[in-house]
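One chain, chain A, links the two complexes that follow: it is found with chain B in the first and with chain C in the second.
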Partner chain A sequence: MAVVTDRLGIAIAGRQIVKDVHLEIHDGQRVGLIGSSGSGKSMIARAMMGLLPPGTDVSGTIDLNGEQVVGMRDADLAALRGAAVGMVFQNPGISLNPLLTVGQQIALPLRLHYALSREELGQRVRAMMTRAGLPEELIDRRPHQLSGGQQQRVGIACALVASPRLIIADEPTTALDSLTQRQIVDLLVSLVDEAGASMLFITHDFSVLAHATQYCYVLDAGRIVEHGATAALLESPASETGERLVMAAQQLTLHRGKGDDDGRA
Partner chain B sequence: MRYLLRRLALFVVALLVISLVVFLALRVLPGDIATIMAGLNASPERVAALRDQLGLDRPLSEQYGSWIAGLLHGDLGTTMLTGQSVAAVVATRARITFPLIILGLLVALAIGIPLGCAAVLARKARTRAFFQVLAVIGGAVPALWGGLLLILLFAKGSGILPILPATGFPRTGWHTPGQALLALVLPALTVGIIVGASIMRYTRSALQSVASTGTIEMAMACGMTRTDAVLRVGLRLAMPQLVSVVGLTFAEMVTGVMVIENLFALPGIGSGLVDDLGHRDLVAVQGELFLLAAFFLVIGLLVDLTHRALDPRLGANDD
Partner chain C sequence: MTDTATRMRRIRIVLSSMWRQPAGKYSLTVLGLWIAVSLVSLCWTPYDLMETDGYHVWQAPSASHWLGTDGTGADVFSWLMAGSRTDLVIVVLTVLFSAALGLLLVAAMVSRSGALAHGSVVAIDALISIPTVLIALMLAVPMGASVAVIVLACGFGYGLNLARVARPQALLAANSMYVESARANGASAPRVFLTHVVPNIMPVVVVQCSLSAGTAVLAESGLTYLGVGVPSGVPSWGHSLATSVKFININPQTVLWPGLLVTLMVVALNLFGDALRDAMDPLANPQLRRA
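Coming up: the complex of A and B.
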C-alpha cells in the first residue's frame, strides 16, 4: 500500500507538535521514521491511523492508496484500521485487552471486518499464531500470563491477522530486552515481507532501524530534517540529529554488527 | 474456591467483631442503661423492672451470649415502644427503604453511566467542560433542596406540573403496588439525581484511566470506532471499579436516604433509626445497628466476589 503525507501538521492545544511533514511509503517498502523522544514520531503514526486524541488539530494531507485520511469520519477510518492498516504498539503489556484470551485478541480484527464462521475464525487465528511463533497452547492464556516477548508476538499477530497492506510499528521493541528485540524485529520483517505489505517502522534506535528498513526519515522537533536509504544514512548522516542518533546506535554495543544484513535493508 | 472460603471466614469473623462492638457500645455509655431507657422521671420500681426484663443485672458475657443466641434464631429483641419484634419492625421499614434505594440507584445509573461515557467521548473541549460542570452541580445539590425543588415542580397540590404524590406512603403498603410505587417516584428521583452525579464522575474517571492504558487505542487499531471502543472495551474494563462504587453507594444509601425519607414522610430504616434513638429504645437501636453493619458486610462481600469475577487478573494474584 502506498502512503503519502504532504504538509502534515499536528497541533495539540495550540502547540504545534508536527510541522510540514512530507513522507512517502511505496508498495512493499519498509520505511523507518527515527527521531528522539518527543520529536512527534508517534503522532504521525497515530494521524495515519486516525488515532489522535480528541481536540487534536491536523492539517495537510495523508493519502492512503488514494483515500484521504485527514478529515475522514471515524466510522470510515475504523473500516480501514485493522483491515487495510495494522498497528503494532510500543508496550503490548498495556495495550492488549487484559480480559481477552490470546485467541480472542487475535480474532478481534477478523470479527470486526469479516463474517467468518467459528471454524474459519479458529483456523485463521491458529495459523496466525503459528506464523507469529506462538505455541497453540497459549490460545486460552491472557496477557498477564505471557512474557513480554510473547505479548509483543500477540500484538504483531493482531496487526497482521486481517492481512492489511500497511503495518505501522510504533517502537515495537522499546519495552523488550535486547535479545527479544532482535527476535521481534526479525519476526516483523519476515511477516511483512511474506505478506508483501508495506511498513512504517518508528524507533529512536538506528541499529534497529538498519535491520528493519530500506529507507528512512529523520525527524527533529516535528520536522523531517533528512531522509534517504537507511544504509547510506547510517554511513554518513547529513543532519546533526541524524549524526547524533547514529553515534548513539554505534555506542550500543549490543547491537553492533547486527544491523548489517542490508540485503533486505 | 480457596479465596471464597477465606473471604467467607473473614465475613464471619467481621460479623462477630461487629456484634461485639454494637453490644458493648450501648453498654459503655455513661449512666445506667435502664434509667436512660425508662426516662429520667421513671420510678425506681419501673427502672428495676426494666433492668430485670432486659437482663441487665446479669454478667456482660451472659447478656452477650443470650443476645447472639437470639440473633442466630432471627430474634433481635422487642421494641420498648410498641412491643413488636425488632425484626418485624425493620422488615416493615425495609419494604419502603429498599424499593426507594433500588429505584434511586436505577435512576442514578440511567443518568450517571451514559453522561459519564458522553463526557469521555465528547470531542470538543467546551462539551467536556459542560459535563464537568454538570457533575459538580449535581453533586453539590443538597438532598433536602433537591427534594423540595422536585416537590415544587411535580407534587400534587403544590407543583407546577402536579402529577405525583409528594408525601406519605399508602397505609395499604405494597398491597396497592401502583400507589406505593407512585409515592416513591419523587423521592427516588431526588436520590437518583444526586447519586447519579457522583456515578457520572466515577464513570468518567474510570473510563479515562482505562483510556490512558492504550487498550482503547488497540481496540480502535483493530477496527473499532472510538465510540465502540469506549463503550464496548472501556466500559467493560472499568466495570470492576464501577461495581465497587455502585455497591458501596447502595450500602451507604440505606441510611443516606434518611433526609429524603423525612422530607417525603416515608417511615423507612434511616428515619426509623433516628426515631428509635430519640425514644431511647436501645434494644431496637442495637438490633438495627447490627443489621445495618451486617448489610454493609454482605454488600462488601458481594462487591469483592463480583470484582474478582469481572477481572481475571485478580485470580492469578490471590490463589
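Coming up: the complex of A and C.
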C-alpha cells in the first residue's frame, strides 16, 4: 500500500505537535520514522489510523492508496483499520485485553472484517500463530501467562492476521530485552515481506531501525529534518538530530554485540 | 479458543470457589432454596391462599400450620411461599433493568464525544439526588400500586448508582491500550464497549447488582407498606409484613416470619455479590487463571 502524507500538521489544545510533515511509503517498502521521545512519531502513526484523541486538530492530507484519511467518517475508518492497515503497539503487556485468550485476541480482526465459520476462524488463527512462532498450546492462554516476547508475537499476529497492506509498528521493541528485540524485528520484517505489505516502523533507536527498514525519516520537534536510505543515513547523518541519534546507537553497546552481523549498529 | 466446554468449566470453577467460602456457601444455599420454593409455589402450597378460617386466627406454629395463621386464619407459610416468587420476580427484573440502564449510562459517560460524556455525568449527579421513594410515589399516580412501580423506581435509582460507581473503572478500561488496540483492529464504539469495557468492569457491576437485589427486597417491603408497591391480594413478603405489622401487639410472630425472611435474603444477596466477585477475579482465584 502506498502512503503519502502532505503538509501534515497535528495540534492538541492549540499546541502544534507535528508540523508540515511530508512522508512517502511506496508499495512493499519498509520505512522508518525515527526521533527522540516527544518528537511526534506516535502522533503521525495515530493520524494514519484515525486514532488521534478527541479534540485533536489535523491539517494537511494523509493518502492511503487514494483514500483520504483526514476527515474520514468513523465507520469508514473502522472498515480500514485492521483490514487495510494493521498496528503493532509498543507495550504488548498492556495492549492485549487481559480477559481474552490468545486465540480470541488474534481472531478479533477476522471476526470484525470477515464472515468466517468457526472452523475457518480457528484454522486462520492457528496458521497465523504458527507463522508468528507461537506454539499452538498457547491458544487458550491469557496475556499474563505469556512472556514479553510471546505477548509481542501475539500483537504482531493480531496486526497481520487480516492481511493488511500497511503495517504500522509503533516502537514494537521498546519494552523488550535486546535478544527478544532482534527476534521480534526479524519476525516482523519476514512476515511483512512475505505478505508483500508496506511498513512504517517507528522507533527512537537507530540500531533497531537498521535491521527493519530500507528508508527512513528523522523527526525532530514535530518536523522532518532529514530523510534517505537507512544505511546511508546511518553512515553520514546530515542533520544534528540524526547525528545525535546515530551516536547514541553506536555508544549503546547493548545493541552492538557480535551478533549484529551487518556491523552497522 | 474458548468454547462452550471451557465456559462451563469456568462456571463450575466459580461456583466451587464460592462454595468453599462460608459466605458463598450460605448465600448459595439460601438463594437456591428461595428459587426452589418459588418454583414449587407455582404448583403447590400447603393451603389455598384464599382459604381462611375464622375459628383459627393467630394460631401458633403447629403440625397443620407450620408457621401459624394470620388474623384471617390464612396459613402464613403458604402466603410466604407464594410471596417468595413475587419477590424473586421483583429482584430479577430490578437487577436487569438497573444493570441495563447503568451500563447504558456508563457507555454515555465514557463515550469519545465530550459533550455526551460531560452531559451524562451532570445529568446523573442531578437525578441521583431524587429519592427512590419519591420516584415510586410519582409513578404510582398514573400506574397505581403495582410490581412495575417497584421495578421502575428501584431500577432507575440503582441504575444511576451503578453508573456512578462503575464510571472510574470504565474510564480506566476505555482509555487503556487494549481498547486502543481493539479500535486499531477496526472495532466500532459499541463493540469496544461491549467486548472490552464491560467485561473489565464486571466485578464492580456484579457487586452493585447484588446490593441492588438486596435493596430491592427491602424496597418492596417499604413501598408495599406505603401502599404503592405490590397491590392488595398479591402475595409478597412486603404484603405479609404490611398486613401483620398492625397486629404486632396481638401476635408478634406473624411479623417475625416475613421480617426474618427479608433479613435472611438481603444478607444472602449481599454476601452472594462479594463471594461472586472474589470467585470471578482471576487474580484472587488461581484456578480460574489456569482455566
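Criterion: the second predicted complex is superposed on the first by the 256 of 265 C-alpha atoms of A that agree within 3 Å, B and C clash if a C-alpha of one lies under 4 Å from a C-alpha of the other, contacts with A are read in each partner's own complex, and residues count from 1 in each chain.
Here is the rule we use: contacts are C-beta pairs under 8 Å (C-beta built on N, C-alpha and C of every residue); 3 or more make two chains touch, one makes a residue touch a chain.
If you're wondering where the values come from, they're calculated on a predicted model, not measured in any experiment.
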{"item": "Clash-or-fit label for the pair chain B, chain C on chain A", "value": "clash"}
{"item": "Which of chain B and chain C A:112 touches, first, second, both or neither", "value": "both"}
{"item": "A:125 touches, of chain B and chain C: first, second, both or neither?", "value": "second"}
{"item": "Partner chain in contact with A:95 - chain B first, chain C second, else both or neither", "value": "both"}
{"item": "First, second, both or neither for A:140, with chain B first and chain C second", "value": "second"}
{"item": "Selected from 24-32, 60-68 or 96-104: the stretch of chain B that, after superposition, runs into chain C", "value": "96-104"}
{"item": "Common interface residues of chain A - those touching chain B in one complex and chain C in the other", "value": "49, 51, 54-55, 74-75, 78-79, 81-83, 86-87, 89, 91, 94-99, 108-109, 112-113, 142, 144-145, 155, 158-159, 162"}
{"item": "Residue ranges of chain C touching chain A (in the complex, touch as defined)", "value": "1-2, 6, 112-114, 176-178, 180-189, 191, 196, 199-200, 282, 289"}
{"item": "Partner chain B, residues of chain A touching it in the complex", "value": "46, 49-51, 54-55, 74-75, 77-79, 81-83, 86-87, 89, 91, 94-99, 108-109, 112-113, 142, 144-145, 155, 158-159, 162"}
{"item": "Complex contacts: residues of chain B adjacent to chain A", "value": "122-125, 213-215, 217-228, 233, 236-237, 311-313, 316"}
{"item": "Residue ranges of chain A touching chain C (in the complex, touch as defined)", "value": "49, 51, 54-55, 74-75, 78-83, 86-87, 89, 91, 94-99, 101, 103-104, 107-109, 112-113, 121-122, 125, 139-140, 142, 144-145, 155, 158-159, 162"}
